[in-house]
Amino acid sequence: MRDRNPYSATILIYCEDKQGIIASVTDFIQEHDGNIIYLDQYVDTEENTFFMRIEWELENFIISTDKIDTLFKEGLAKKFKMNYRLYFSDEKLRMAVFVSKLPHCLFDILARTQSGEWPVEIPLIISNHEDLRPVAEKFGIDYHCFPVNPDNKKEQEEKEIALLKEKQIDFIVLARYMQVLTDDFIKQYPENIINIHHSFLPAFPGAKPYHSAYKRGVKIIGATSHYVTAELDEGPIIEQDVARVTHNDSVKDLIRKGRDLEKIVLSRAILSHFKRKTLVYKNRTIVFS
Amino acid sequence: MRDRNPYSATILIYCEDKQGIIASVTDFIQEHDGNIIYLDQYVDTEENTFFMRIEWELENFIISTDKIDTLFKEGLAKKFKMNYRLYFSDEKLRMAVFVSKLPHCLFDILARTQSGEWPVEIPLIISNHEDLRPVAEKFGIDYHCFPVNPDNKKEQEEKEIALLKEKQIDFIVLARYMQVLTDDFIKQYPENIINIHHSFLPAFPGAKPYHSAYKRGVKIIGATSHYVTAELDEGPIIEQDVARVTHNDSVKDLIRKGRDLEKIVLSRAILSHFKRKTLVYKNRTIVFS
Amino acid sequence: MRDRNPYSATILIYCEDKQGIIASVTDFIQEHDGNIIYLDQYVDTEENTFFMRIEWELENFIISTDKIDTLFKEGLAKKFKMNYRLYFSDEKLRMAVFVSKLPHCLFDILARTQSGEWPVEIPLIISNHEDLRPVAEKFGIDYHCFPVNPDNKKEQEEKEIALLKEKQIDFIVLARYMQVLTDDFIKQYPENIINIHHSFLPAFPGAKPYHSAYKRGVKIIGATSHYVTAELDEGPIIEQDVARVTHNDSVKDLIRKGRDLEKIVLSRAILSHFKRKTLVYKNRTIVFS
Amino acid sequence: MRDRNPYSATILIYCEDKQGIIASVTDFIQEHDGNIIYLDQYVDTEENTFFMRIEWELENFIISTDKIDTLFKEGLAKKFKMNYRLYFSDEKLRMAVFVSKLPHCLFDILARTQSGEWPVEIPLIISNHEDLRPVAEKFGIDYHCFPVNPDNKKEQEEKEIALLKEKQIDFIVLARYMQVLTDDFIKQYPENIINIHHSFLPAFPGAKPYHSAYKRGVKIIGATSHYVTAELDEGPIIEQDVARVTHNDSVKDLIRKGRDLEKIVLSRAILSHFKRKTLVYKNRTIVFS
């Protein structure tokens, strides 16, 4: 199934929890000869909210691809007042990468796309510094430098947005981009901007978390990937991981160990995102298996 | 939902994968006013086999509890040729613990049951040695000693089985019981005997795994909990975990670090078992979330 | 070496870093025919401070046990202005355990001492509730209940201290004791009170960390054992560990998974403490291997 | 200290354990005004063998760099019959990378060297296939293809050795190189060939470990980096790490999760090697902290 990679459709749903949702959705697919290849659901009982991810093969599905959305919207979505998103497996998402000076996450992302590990396109890299232009050139990707300062930030972001729209970017990855984006920018890509923060959030938000971690004498460090929201380092968490440290590790050692964490955690979050495994609800991220 | 702990029924199913199974099962529950509170399914595409765990509240379910099994068997189970098991949430399983001389797993199990962490009863402890009788007495549990040697093994096991049957034992936990059970014994409790092996299987099966791990110079040790089958240390794995070690750790250090692994891994496996989260198929264990 | 468990002495040292300290200390032991069986040192370069743990066999050591302290103090300690502590391997530390209502850490500690895993004595358990008296009785340990409220806190603590002194307690373990100790109490046992906090500090200090972790949507939870200081949950960290969670885990699930973390992390911290592996400096804990 | 990166010397020692070794070595450095910045030692009590890594700043050291080796050899090394190796911190090691078709480890290694994370030179990449030539070209590194079959293996290896010698290669990394090297080849670089095996050795040696892991139903997969010896997958282990998997992970998922493990584990092993932290003794690797 997973190994066959058939042409398939995926629906991500959330709505008020009621009896009969699962039966109705699976009936809808089954009656039209769709073969379900993934189903996971979750109920937040405090919020009385139902969440579901369902994927089915389109090979024998008797509704044509361009009609599925309308039929689902008019039928089940209306009946259960669902919020939903429909995806098809042949889409290839277009990702923009924002960087500053540190190359490790960028290298990791580029290696995964160019080796075919990820079916994702990277039409451009944006930075506030020139430092990583050689890396972009090595991989043959357009590199745009928009130096940012408090005075020109709004203006520069507008240029960036124009470029992102022109290049039809689907989602943005902040790969150790050391700038805070404005709310106006964030609103252009809701739940489509992924950041990596170099600490185990909510511990050590903000600047220089490894220095803070050293000073606090923690025995474990972490990295956190999350969707960017208006509140700095407060967005819904997608993925976290940790590494053990000792008193013997200097700040420099923490930074070195942290680099590996950051790139792996960020890459796992990107994978969950483009495989349509994530659903954000009230600042928490449901990450389907 | 999970927090409410309602009176509920659970069905674990496996059968040949076909279109419509999920829709049919969810319809069956939904039509009779059951509220589904858990659904997870998995398809082994190589074996073309479908697996499912579904749990629903019985509060408004219009089929009476004693009729569910018959109705399900005559209906869906027959139609899809399902293997299935039905459970009700008010059962309290009866567990027997087998030990030899090492107390750490036994203490952990007894603490969990007596503190109310686990809704499980332990009517008896069986051992081939007298060493842990004081522990059993401390917790007020019957302790039966059956010293085993090559000559009396068959005979002793028969006595043990008689006792287990008399006490209506549902499943058996080998908590560092250093004896190999005969096939005849194992056949009495298929998929209901849980062992803890003190290595990361399939590495270091058999005796003295910590000594072998030390000699091989591994940098990580592990523990493995599995269902007992006729092949020693080859049964389907339920849970594993690991701990980091260094060249500096002696065999004694490995044994010390391993003790904590063993008791935690065994307890997680027991939890999955009595919460009806496990399903064995062709020597692999599906462990539902 | 470690396997022999010889009669040995251990010195823990810290002082300003200077050339020649290691050579001087090892010479001191070597010249008097002591066989060094452990040496680890660490330099905090920012603070220019030297830390060392050294252990040597006393079998052929030509200085008699009761003279070592004086000779070391008048010699090397004076020369290098060392802070140091000297221990002998045949001491058996006396530990008091403070609990409230949750039994899991207490059971784990009692199991380890009574099974001989830890060479530590527990002369008494202190609580602000009666709930765990049956556990203490099961293990034959004195249980003293001092209900605490804002009005009687000072008075009750004085009674507790009197009892601790009478019983010659060396160090105190707060095994999910839900009360904050006053500074006056803490000053009686500096660097000798070990707490377990049920979060990955500095994330989620204070009350109800699992509820906060759930609300924040973290993907990993943790537990932290630290020495108690006047600042709540701010003392020097001894040990931390984490467990992975998902959106699917309710607060109740976090509490369940956290229980295992708490007891293991606390027990590792206690082990490091009574094996004289820890040294506190400026709110960080050096934990020798 | 670590943060200053001073010009320093490191000695790795092993010899029969005797009283006075540590004192003698630290005296040797101290008497000549060397400042010790790292000292770790370990005694294998079963083998009665002493191991030590010591590093000191050369700034005020009164023995000139070119005399240290001779003086140490004639003095302490002779007295204690030490095996030892002396290194200086300004060496830049020359590494050759062997690959077949899989690019993930290669990309990771190249990113680390070209971003300055590792002070190591890569004069050449050797492969038995043409597939990764574009990656080498992207990073501007010589790529030599030596297709190997049973008939030409000896001949091709001789050419490879000639090339390695010509390029003055210090050590070799097999970054998912799918060929077994002959003993003659291995003897040219004893303890200087590092392999990554895609399983948690000693579990699943040989070909297709992820398929075997899937079939066995393990709940954790691993990767192992080790020095290459004449026995396939039996060499001394440098580093291992693991990742959790479930019944839900197909072989393809294991391969995907394993890729990240492989590259991180291999890179950690390479780091330990070129920082002179490793010492091999009787098929175990001492990895100093």
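The first chain written gets the first letter, and so on, giving A, B, C and D; residue counts start at 1 in each chain.
In this text, contacts are C-beta pairs under 8 Å (C-beta built on N, C-alpha and C of every residue); 3 or more make two chains touch, one makes a residue touch a chain.
Keep in mind that this is a model prediction, so the values were computed, not measured.
Novice: Have a look at where subunit A meets subunit D and say same if over half of the interface residue numbers show up on both copies, different if under half do.
Specialist: At the contact between subunit A and subunit D, which are copies of one sequence, the residues are largely the same (over half shared).
Novice: Return the chain pair with more inter-chain C-beta contacts, choosing between A-C and B-C.
Specialist: A-C
Novice: How many angstrom lie between the centres of subunit B and subunit C, each centre taken as the mean Cα position?
Specialist: A distance of 36 Å separates the two centres.
Novice: Roughly how far is subunit A from subunit C, going centre to centre by Cα mean, in whole Å?
Specialist: 42
Novice: Give me the residue numbers in subunit A that touch at least two other chains, ranges are fine.
Specialist: Within subunit A, the residues that touch at least two other chains are 1-3, 45, 246, 248, 250, 289.
Novice: Mind listing the subunit B positions that touch subunit A in their complex?
Specialist: So the residues of subunit B in touch with subunit A come to 1-4, 19-20, 22-23, 26-27, 29-30, 33, 35-37, 39-41, 43, 45, 244, 289.
Novice: If we count contacts the way the header does, which residues on subunit A are in touch with subunit C in the complex?
Specialist: Residues in contact with subunit C: 42, 45, 200-204, 216-220, 222, 236-242, 246-248, 250, 283-287.
Novice: So in the complex, which bits of subunit B are touching subunit C?
Specialist: Residues of subunit B touching subunit C: 1-3, 103-104, 107-108, 111, 115, 117, 138-139, 246, 248, 250-253, 256, 259-260, 264, 267, 289.
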